[in-house]
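The letters A, B, C and D name the chains in turn, as written, and every chain counts its residues from 1.
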Amino acid sequence: MDQTTVKKSRYGMAIDLDRCTGCGACLIACAVENNVSPGQPKVNERNGTTWMRVFEVQDGRPFPDAQTAFIPMMCQQCEVETPCVSVCPQNAVEVDPETGIVGQIPQRCLGCRYCMTACPYHARYYNWWDPKWPDGMEKALNPDVAPRMRGVVEKCNFCHGRLHEARARAAAQGSRQINPSDYIPACVEACPVQAIAFGDLNDESTDVALLARSERAFRFLARLGTETKVYYLSGRDWVRRLADRELARSKKETLHG
Amino acid sequence: MPLTLTRRNVLKFVGGSIAGMMVTPLPWKLLDDVAIWTQNGPWIPKVPRGPITTAFSTCALCSAGCGIQARCVNTIPYALSGIRNHPANNGTLCPSGVAGHHLAYHPLRLKSPVQLFRREETIEVQPVSSEEILGKISAAVAISRNAGEGTLALLDQRPGRSVSLFYRNQLAMHGRGVYLVSPTDPILITQCLDEMVGTSFGPVGYNLERVRTVLSFSAPVLDGWGTPVQTSKMLAHRGSSGQKGARVIQIDSRYSRSAQLADQWIPIKPNTEAALAFGLAHVLLREGLYDKALIQSRALDFQTKGKHSYFDLVGRFTPDHTAECTGVSRDVIVATARALAAQGPSLVIGDGDSGGGPLGREAEMAVWGINILLGALGSNGAIVHHRAVPAPKEFSANGLSPVQGVSDIPDHSIGVLLIDASEQGDPLPWSLLERKLIPDQSLVVAFSPTLTGLAQHTHYIIPTPAHLEALTDVPTMLSSATGTFSVSSPLLRRPEGTMDAREIMGKIFEVEGTLEELLKQRTSAIFESRRGRVFKASTGSSVQLTELGSSDELWAELTAGGMWMDDPVRSKPLPEFHFMGRSPAAYERMLDAGEGISSSNEPDAPRKITVLPYGRRAEVGGAQLSPLMTKLYQESGLHRSSKVAVLNPATAKEFNVANGGRGTLVTERGTQEVTIRVDGAVMPGVAEIAVSPEPVGQAGTEIVQEQDILELIVPDQAPTWRAFRATLQKA
Amino acid sequence: MQKGALWFLSGFGLALLIGWYAFPQLLYRSVDQPVQFSHAVHAGEAVGMTCDGCHAVSDDGRFAGIPTLEQCAGCHVDVLGASEAEKYFVEEYVRQEREVPWHVYARQPDNAHFSHADHVKVGEIACERCHGPHGTSETLRPFEENRITGYSRDIWGVNISGVKSNPWEGMKMDDCVACHKENNRRSACLACHK
Amino acid sequence: MDKLLITRGVQRSPFWKFILWILPWAMLLAWGLYGAYLCLAEGLNQTNMDNRFAFGLWIYLDLTVIAFGAGAFFTGFLLYILKRHELKSVINSAVVLGLICYSGAIVVLMVDVGQPLRAWFTFWHPNVHSMLTEVTFCLTLYLTVLILEYAPIVMKNRQIRKVPSYLVFEFNLHKLMVVFAGVGAFLSFFHQGSLGGLYGVLRGRPFAFREDLGIWPSTFFLFVLSAMAAGPSFVLLTTWLVEKLSKKRLVKRETMSYLGKLSGVMLIIYILFKSVDTLIWINSTSPSSGFPAFEYYDRAAFGTWVLFAEVVLFGLLPALVLLRKKLRERMVWLIPSAVFVLAGVALNRFVLTIQTLALPTLVFDEFLSYMPSWQEVATFSMVIAYGVLLYSLSFRYLHLFPQERELTQPY
């Protein structure tokens, strides 16, 4: 059997911004799954570690007409010219050709943070402190994800530990092909309103592939040309205009003009 | 040939050594090993290794009763997820629930009994034996019983559990026992209905699937008020699913999550909900948008003429007058009332925000009034009557102490206050509780797994098992259309020094028995009722209770993530009732509630701001939050703690504070520093502040007292704390 | 000039001695296994156990690795044979319900993910390919731990120079990568790192 | 001992005066060492950098310092390869300055990376596509070259040259200087360029991103040019400063003026290219990725004046002054112009490092501010103190200015 017999996947997500309630379950489920340590006493919004961040945005109209949307944002898994990959001096970042997932290996990382400046989505996080858990809590860490150390960068990898688990499960049955229902990232699983769809974009029949082609779908900063694999869905015009600055500006002009 | 030691020779020797070293593995292997050491050094946490198993239980952090599936390593849970097809959560979990298995490792976790000493900003603890504390309680209980000095009060942070029945039972037998709940507890809301009806109407629930329009009076309808499944259904019409869902209209002084997510947000001046309810009733009555025959036959205070009748009361709240009271425009009032009537079935929810304090009895009755006019309560209504979860007979035989809100009992009356904080419940200003105690003579003891919330104000704490260490049952949620029962079985071994609340109370009242026996008795009672269906986690589907062979089988299902759901009953026809309740001077009280404390009318000292506290379900009242909740609070600002005040830009300007700057809030009770966040969506003139303290990610060297905005409340102001005035200065 | 060369050479020689002989001695710490276990006895004719009787891959693809006490106690509820080691094992561990703190020769660091199911069931690689033939060993050799990294010596390979005389020597990433390349298998970092 | 080390025929201040001069710098060094220790021992939480401002003061100043240090390679290149012998009088000083700038920058980088003990992975597992790999390789190699260039200067010290074999070694090294200069110029060209490329390749940061010219973004070439403009100015300025402090003439005025001319010529070329590049970027590169360029200058303190200052005030203006022979021959024109050149290059590095990170990318991002912590300032002061100390020692005990004896000779 050859490697070529294994189907190449492009894992992606579609997040429905019209459903997201900003509860934060995805953010916590992500931190639990990926052994992200609790914040230090001095932690703040700019130096904490949240592989998945939910931004609260408004349309800018004043009280009482303001509209709010929540934008969960994790690594967008850029497919083409992935900004963080080419900059890493020691190959700690790469796009897995088999899954399309952008991998970050903290043990290879030297902590130069160049990739962080390269990422327009601010999806990369640096360990400013030693990761520490309260007494006894280390026994409750996820065995499938290695904890990181101070001084390295980490980020979302679509819960790769779960892909390992799914592959092992398939292998136990003698198969190289995973069962798609075995591989669902923690944020997707936790979402109380099921706003996130996940799956293989190469497989036309998956929900995520259908949603990615829908009229409501858009991607953030798509004009950078990095072909991200996280799609966002919204029927609200002002939300869709958040995709990039040129679009956001066109709205302002129509308002004022 | 003697080898003479000269400088030159030494240099040559060193040169030779260096050259030699380069062709040994030493420098290269060292370089490699040092790099590996930086990857695996002892300071880097190691993952557990061991057999992976799956366990099932039920989340007890709130009364939604979500089924949880735990992945465990060495039998210790390391990740939780929801159980697929579970009637409460269908495979999902809320942020608190998903990190529930961390609560056992809370940095302020207690594992042995302590005595507390509150210092300026910190708390010192000293270990004591549980016998000593229990001895003190027993002595005080005896004094209260015999000498009649002060009552024995028990504050139940999670009423409705089986152990709550046990408490009420024991307190009733004690004679001078008082059973207290937070004034925001949903039980008190149904009590308002009881007052209107004159007898106990029985438990009610909300059949959200049947409604097309939901009007919420500041209830967090889309943010934890119902179960995840209910919330998901209410939001289902959004996005791509193409399903139908209810239209939600949120009346709220705050730009709350529900206000953000609702189809329509109606901002309202703080504390004027009663007026708006009367105003809506006015439109319904004036335009005849109700079943006249039915109401006239049932309502006992509904004479279309008489003075001091409901008609008369509501008549005062013309749309214009209501607009003046509430700040809601006349057109919106009229349109909302019409929409409720036209786009039925509709229902009105009056349950306040769990952190923001109760709406107040009169406002609740006003809300029930609209529900009655809309036909939401009655034979075809969406507010349904259901049966109580069957309970062992001994409880009804011995009598139950009545449920009382903390503000309902006289000041300086409590001699011994026991706080069951083993489950986190709705938050409560300590000042409200403190004034009920006999000054300097009372004994306050908490049963709590952590040194957080109200437990920080007590004299002693007896530690209880933490979430998922404890065995407990989950009571029926207010939003549930039928009675439900599930059991949170322990997934973790509890520490040696802990006792569950049943054990502690058993010792105090000298009653034999364990919690497990109590819950098994309850399970038998349910089994014997032969009603309802049981969700089985193992199959992901529900079966008729009668399909189960024995009570033990039911117990096995319930302790493994199962849930019992009662059969729905046909709704009672609308009984006879008084719109304004039966208390003397009902009319005046209702009128006061409507006209009353609208904050805009009071002549203000300059530079006062209206503080609107709020809470998030399962993230308040004791703030037993996973250390990882720093992700939502400190690390992303998605949730805000008591340290952040959100203001309208105009208000910020008025008070001379800037976005990201610091401000100090001052009332007679004290001061609190807050970080200012400016948000154009917030109502001018108010400061929205959450009641939860910041989650603790790491234990400090000393225990710092929680900074809770509720501490600033001056208790004399009102029985509720939904809005209070404070000065705000730039810090 | 010659004298100078002697100085140079003696320095050179000493360095070689330190680097090749003393350094490995100092770098590794030798620890005995808590219990002496004989693969030969268990897999021998008398007992007749197969390898996967203890080292099995479960249905979910997880590898049990070294059997837990529970599995051992399945037979060794009491002392079965005459060996001192067994007696010690039963008294110290089985009776006291203590897990044996085995030192695992092939223990990989936390950041390495290795699926035995993938390699053995799908890849059909023999156990010996990586673990060497140890099914007939009479005793357990001492565990050698790298004092700096905490790794087992088996990871680097027994030869300090990194030269391998058997295919199973060395379990470093380079060794994995070499085999993956040879067989055209997954090469992404995340394929084996977690 | 002190006297014996000082080059014959030059006057140096009394030893106690020298100690008095050294002392405050040594104290600054000690403070800096403490700051750096904190960053290494406690982690980079000691700095005010964060996930959004992942590069801060250190990277900015590293880039600036390396641009200033370009004098070493450029002077060497002109002297040894193009045989511009008028530069012989400043080459030693230029080498010392280069060494200080480069070694200092590398020390700070080692504090800046989170895992300095793993930094050698870049050599073992290099990503050849990364500008940072190019920078790391060239920097370390060029630092080696600089040390080799510095060695003969040290070996010419009065006492050290007494060892005959050292003299032979020095002589041999000197013969190789052409090779070193060639290698140095080659390496410098790449790392100065790669430092520019560092930001120019950031596709995700359209404020910094530039189109490719060949295999490198345009900033690659702009950095080389601007560094070549800054280098001579920095040599010029330090020489002038040392003259003022030591109250001696060290270099002929013609040399100073020649350095000024070099700066002027390089600067005008740089400004020309920079202007073209900016126009292309404003009109094509940036808008095509969804970022209207004028928005960058719409934020807080960073108005269009920044661009104006960079191109006109600190670019065109000093370039024109330096290109006029009459003006650059007068110190009142020459020195301020050199300062302007350096300010312009420093501003350019600031804009590319700090402003790039301060500017939002996502529509709902905010403009960010960042202020270095004292530990960051201390760590960098350490490098400045180290530089002053090394230069002071070199100046006192080594023969940095060959013309000094001739110029200070009483007639």
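In the analysis below, a contact is a pair of C-beta atoms (placed from the backbone, for glycine too) under 8 Å apart; a residue touches a chain by one contact, two chains touch by 3 or more.
Values in this document were obtained by computation on a predicted structure and should not be read as measured data.
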Chain whose Cα centroid lies nearest the overall Cα centroid: A
Distance between the centres, which are taken as Cα means, of chain C and chain B, whole angstrom: 53
Length of the line joining the C-alpha centres of chain A and chain B, rounded to whole Å: 31
Between chain D and chain B, distance of the C-alpha-averaged centres to the nearest whole Å: 61
Intercentroid distance (Cα basis), chain C paired with chain A, Å: 37
In chain A, residues with contacts to at least two other chains: 40, 44, 48, 107-108, 130, 144-147, 149
Sites on chain C at which at least two other chains make contact: 60, 62, 109-111
Per-residue overlap in chain B, given as positions that touch at least 2 other chains: 34, 37-39, 46-47, 52
Pairwise chain contacts under the document criterion: A-B, A-C, A-D, B-C, B-D
Touching residues (chain side chain A, partner chain D) in the complex: 40, 42, 44, 46-48, 55, 57, 71, 73, 81, 83, 86-91, 108-114, 116-122, 124-130, 149-152, 220-226, 241-249
Parts of chain D lying in touch with chain A, wherever the complex brings them together: 43-45, 49-55, 112-116, 118-119, 121-122, 124-127, 129-133, 136, 198, 201-206, 287-292, 295, 356-357, 361-365, 368
Complex contact set, residues of chain B against chain C: 1, 3, 8-10, 12-21, 23-26, 29-30, 33-34, 36-37, 39-40, 42, 46-47, 51-52
Chain C-touching residues of chain A, taken from the complex the two chains share: 1-3, 92, 94, 96-99, 101, 103, 105-108, 144-147, 157, 160-161, 164-165, 167-172, 174-176
In the complex, chain B residues that touch chain A: 38-39, 41, 43-50, 52, 73-74, 76-82, 89, 91-99, 101-102, 104-107, 109, 222-224, 228, 231-232, 235, 238-240, 255, 257, 260-261, 265, 267, 626-632, 634-639, 648, 679-684, 697-700
